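Working notes for the structure below.
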């Protein structure tokens, strides 16, 4: 039953990524919380969503982007990890989310090719053609998001059941692996902002604030 | 420095040009060669917004033909853009053969035949490109620097 | 038109990109202007269904300006040239202001709040509300700017200096990014608490991203997934 509910959520959030609104409820942080809420583990959902948000901080929903689909990655990761609700499975769930999010990204490309057929080359001026094309495209995109998400959770639970419980390290090592992977995205962001030389004063000031804040708050 | 890119792209100054080619070639100046835009202040304002970090110059084809040699010797890196094959033909016809023209983006239209994803040519475009190639101008299709370069022969035979 | 602009990417495709969505958003205006002339209405819909690409949050600027042009009776060549000319700046400015600055700035602040101990649900909701204050505000402002300016929207956009706004927000983003790095490094569950070797790995990974830029992202993600899978399989079969 939760597979259906999480699938429906994946469908709705998939629409937010491109087709409808772009209110950014599809960002991993929010999608993770919503998926956790649906699965009955909201705070655990945010934990996974926050890690994925750092990974995907430099992925923008632009037309030609080939990054993993953030909402699919987050809902699948939370859906896969929710039955365990343990820090030990976070790393496995995030990895499954990243892989399946990439698959979700490929289905978005496929959807865009389908959209090309939905927009007529002729007779576009006929009453209702544009509205019909929009309605059909949005419906297909919703179904795509729903099926991809539900399939990802089903397969992911199987994969995590196979290896996840055998994870030999404790939760802190999981966090280490994830933070190291995510640090690459943070470096890319500073690169995009003009590099260390250009932003060194503010970046180092922030780093000091972060370290002091984390120690004393 | 010479002109670092001659490009036919109907969108002229946009993301592919400013980010894609701009990060690769680091131009100081974009030169838009177009008779209509050279006389249209509102279009100039819009196109100039697309390249805030560089100088943007708008000129007619006739003026551009006079200044072409000068641009090649000035100490600034220039990208020359036209939005039609006809304008590039008007600029380079009879100028000699050391030019390398990039066909970057001509979208679908009722009289255009698709040859690449990003390139749709009219029969007249094909004739103009053939004439330029006959004068020794190197012509190829390539949307972005990391995309495959498609030679004119392949484009015209598709 | 503002509501319809929210589905301007509803039929995003590689041939016309936002073209069909653009015509769909403009449809009420076109019906009002050409309603009693079905041939002219059909031509206008076809004109606006052609290829169009811009950042979705700034597309209302083009929608407003073209609604004004069509209402004022501009000729089809002027409208088509405007549509083509406005794509570049609205794409570039939107990518810089929204995707590369506003969205990561709000996300980084939300992540910092979360790792400083704020409740997850509150952080997620705050992220959505703050992001959309900027996002929807920008759409509404853009539509009004386009409707007021018509063809001369370029001058108004130059005066608005959206690129300057982005540059001013990039300072706080760099600061927030530093704070986030500090938190990941020094929080009780952070890298320093796990062990000094992890601080070394994390710093090295950060440097790889800093030097390599976006090219580094995919190999890093693949490596992370492989390492996690290896740990899992090792645990299973050892």
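Note that the chains take the letters A, B and C in the order they are written out, and that residue 1 is the start of every chain.
Operating definition for what follows: a contact is a pair of C-beta atoms (placed from the backbone, for glycine too) under 8 Å apart; a residue touches a chain by one contact, two chains touch by 3 or more.
Remember, it's a predicted structure, so these values are computed and weren't measured experimentally.
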{"item": "Chain contact topology (line, ring, star, complete or other)", "value": "line"}
{"item": "Highest-count interface - the chain pair sharing the most C-beta contacts", "value": "A-C"}
{"item": "Rounded Å distance, subunit A centre to subunit B centre (Cα mean)", "value": "39"}
{"item": "Approximate Å spacing (C-alpha centroids) for the pair subunit A, subunit C", "value": "16"}
{"item": "Subunit B and subunit C: spacing of chain centres that average the CA atoms, whole Å", "value": "28"}
{"item": "Shared-contact residues (touching 2 or more other chains) in subunit A", "value": "none"}
{"item": "Residue numbers of subunit C (touch at least two other chains)", "value": "14-16, 53, 95"}
{"item": "Where subunit B touches two or more other chains, by residue", "value": "none"}
{"item": "Sites on subunit A touched by subunit C in the complex", "value": "18-25, 27, 29-30, 32-34, 36-37, 42-43, 45-47, 49-50, 53-55, 57-63, 67-68, 91-92, 94-95, 98-99, 112-113, 115-116, 118-119, 124-126, 130-131, 133-134, 137-138, 162-164, 166-169, 172-196, 199, 202-215, 217"}
{"item": "Touch list for subunit C against partner subunit B, complex", "value": "14-16, 50-51, 53, 81-82, 84-89, 91-93, 95, 151-155, 157-158, 163"}
{"item": "Touch list for subunit C against partner subunit A, complex", "value": "6-7, 9-17, 19-21, 23-24, 27, 41-43, 45-46, 49, 53, 56-57, 95, 99-100, 103-104, 107-108, 110-112, 114-117, 119-121, 123-124, 127-128, 131-132, 135, 170-191, 193-195, 198, 201-203, 205-214, 216-217, 220-221, 223-225, 227-229, 231-236, 238"}
{"item": "In the complex with subunit C, residue positions of subunit B that touch it", "value": "10-15, 17-19, 36, 40, 42-50, 52, 83, 107-108, 117"}
